[in-house]
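Scroll down for the structure; my scribbles are underneath it.
Order of writing sets the labels: A, B, C and D. Residues in every chain begin at 1.
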């Protein structure tokens, strides 16, 4: 039903481009893709507005405060106004900084975020490119984010930024591995890397039930991947002021934030798709469209992220490394082993 | 109230050990002795390590600009006997020099630097005798009475 | 040719976790500190010199500017020193003594609440920070009710206190004190019991007993290193001999012990305030002291157990209305002297925690 | 068990998440200030006998009093300035006042755009002439109002 709805729009668009405007087949495809990309960027930006507001509101609520409440209903318009403020700020580039790298670093991170969004479905068939290696693509693109953070840290000509950048690299490379391993269990059960297949396989049971440990490992690893508390060592404001983006100001700083929140939404979406049943409605509540269910699940994940961030103190870098390499990776490997045995036994019984 | 240490006995023993270096200093607190600067470190070590005195804590290190001399005042405290002692060293107005007691108590390190900074007393043998509160280029020592205050 | 070199990092004076304008130059090998050098004095106001041109009474408000999170205790220290110099410690009215104990212990609670809160913030636990400041703010409301100011109360006077407790104070204070154990329990739940926090603070910056005495640490920092000393018990000033309280002592002297000692001390303070509120008598709050304070010629060194350690005043009087020399022995100033020793060889993240655990207040360090 | 503390922390924050919030909505909701609050200063001019005790009590000498002798050889106030920018808000002046003419107000929003505006001119400009036997009247009604 929904698939047809979105597909109808896409088909109508393509038809209109080809027949109405006389585009060739390739041109029409390209234009439709471009429009989709814009929609994705718009989606990220819309999410960002909600997320920044939510982050501030939630942190305030956890701390018995009220949070922003001046502009718009419950302070909802605070962030758009802040964006306008940020646009008006001076773009400061430190002396002796590596200017080119400094300038493009934040944009690079933003690009990787958008690229990762290409394979993330937002509903049945609501996807830019339903690749058969969708998950693989997402993880591969996600790991390149490290480079842009390093670029920001190195080019700023600031010792705090440098240490922050180094920490990021160490942390993100370490936590990439348990994150991938935790997703492998699901992939093994489904037998496909295509995200729509994963969702389809969860019609009857969400994978959080058989893969609860994998979900926990994934959750912890993504907290580290997105540089959020208690693993926000890269920013480490208590000792590193702001880590790799200490020297950024104005719109470049805003782009860092946009990309970070875009990443947060992306990993939450992946979590919802891989473990929480994607757009499948629970308890047979199918009258609510799948798109809404997915959004609810994403925001549930985001609430979890924020809840954890605003409760725990920051972990120390060596503990972080020990935790990643000595605990999360063995656990996720064991999970893969158990899953494999489980699948083997299941097949043996079913025949 | 503070426990008062038997100063006569203390001074007698110090004098016996280090040769005429300490005397009772009469003031309203009844717990002060006056020592000669050149034997200061030895006396402090004795006061710290002799179990009869056991002054493990340097409570305070002060310097006072009296009209006739500079006086460095050491307030000592014993955690076991709970008695106190004030050791005073009187220094020459023109050239205030006193041996540093950082080797006895490390707590004296910052306090001696402060006394040097604000009162201009030179602690010989101090490992790092630099200004601590004021800027290095500051001229004069503000806590001296001849320091001119500017509004 | 590849080579490595030490990284010199300027921590401060404008840095989020130096608790003010404290500057520390760190030599880093990777992220491990090889050498730390303290630089103080960014907040130096010359309060000791100012005292020489103020009368004994006029100097009272400046005490709040020393340790600005424990103003009431600072004022108490000063007026106690002057009273000792004048020999009128026995003449302070009962009610004033009780008021001093109540407000002093409330201020200690507020100061320790800030300690726990800023400790939380230095390990990035922003929520526990807010809870700590919320608790502290409620205490400050009480102090404001009594003295009219939150931080610089100027309430203690030589010979008593400025005014009697306002109407309704006892009830409000009672309500807060009854509630306070829950607040401490909340901090214990969100911060102290948290495994991440424990991993952050355990075995960080340990100070042995000998080292603590050598470096002249005082107060909770010294007790955390295992030295059983508390001026309130050992040399009771005011009416502390009437109160029965435990003195918490740590074992290892690491950062976790320093936090725990303060948490336990808060619990004891709550007990003391409770008893004081029960026993407080009616009566005058000011002894009969001359309008112009003229202590006899002489000197006094008096110290009391401040929230940060032993705050001492060495006052030299020449018989005039103004002190001849007034020396403030500031616990923070001496405690910070141990930081370079603590920081040697530890991680940058730990150094921040170790610094926070010393409970420094720059207003008192730089005076 | 390892992890208990983590769960307890989550429980505490979640409890506060749904609790009533305690922030004061400042500009709309005025703080409930106690009686003894030390805000700005106010001078009840008719009560003031220009004795100068407040000026003497001040540690920072922020109070400047000008007075003239009238025909009965009594001091009369002709000017009262408080350099609030140097004020410690200690309250010794209010305590020293023998006639309770000087008092605290609960006004605490003392920030001004220009530095000079911070200082208070509690009484100025009224120079009594010899044939003027009426009691001194405040010229600046709003700042010198008796509370």
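Methods note: a contact is a pair of C-beta atoms (placed from the backbone, for glycine too) under 8 Å apart; a residue touches a chain by one contact, two chains touch by 3 or more.
Here the structure is a predicted model, which is why all the values come from computation and not from measurement.
J.: Does the complex stay in one piece without subunit C, or which separate groups appear?
T.: Groups after removing subunit C from the contact graph: A, D | B.
J.: Centre to centre, using CA atoms, which chain is the farthest one from subunit D?
T.: Taking each chain's C-alpha mean as its centre, the farthest from subunit D is A.
J.: Please compute the C-alpha centroid of subunit A, do the same for subunit C, then give the distance between them in whole Å.
T.: Centre-to-centre distance between subunit A and subunit C: 46 Å.
J.: Between subunit C and subunit D, what distance separates the C-alpha centroids? Give it in angstrom.
T.: Here subunit C and subunit D have centroids separated by 29 Å.
J.: Would you mind pulling out the distance in Å between where the CA atoms of subunit B average out and where those of subunit C do?
T.: About 25 Å, centre to centre.
J.: Using the touch rule from the top of the page, what residues of subunit D touch 2 or more other chains?
T.: 6, 9, 12-13, 22
J.: Please output the residue numbers of subunit C that touch at least 2 other chains, ranges allowed.
T.: Touching at least two other chains: 127, 134, 190-191, 194, 196-197.
J.: Name the touching chain pairs, please: which are they?
T.: A-C, A-D, B-C, C-D
J.: For subunit D, which residues count as touching subunit C in their complex?
T.: Counting only subunit D, the residues touching subunit C are 2-6, 8-9, 11-13, 22, 33-38, 57-59, 88-92, 95, 104.
J.: Where on subunit B does subunit C make contact in their complex?
T.: Checking each residue of subunit B against subunit C gives 2, 27-29, 56-60, 62, 64-65, 73, 75, 79, 82, 86, 105-111, 114, 118, 131-135, 142-143, 147, 149.
J.: Which subunit C residues qualify as touching subunit D in the complex?
T.: Counting only subunit C, the residues touching subunit D are 54, 57-62, 127, 134, 144-149, 152, 154, 162-163, 166, 186, 189-191, 193-198.
J.: Okay, in this complex, where on subunit A does subunit D touch?
T.: The contact residues of subunit A facing subunit D are 58, 60-66, 69, 307-308, 310-312.
J.: Quick check on the complex: what are the subunit D residues that touch subunit A?
T.: Checking each residue of subunit D against subunit A gives 6, 9-10, 12-14, 16-19, 21-23, 25.
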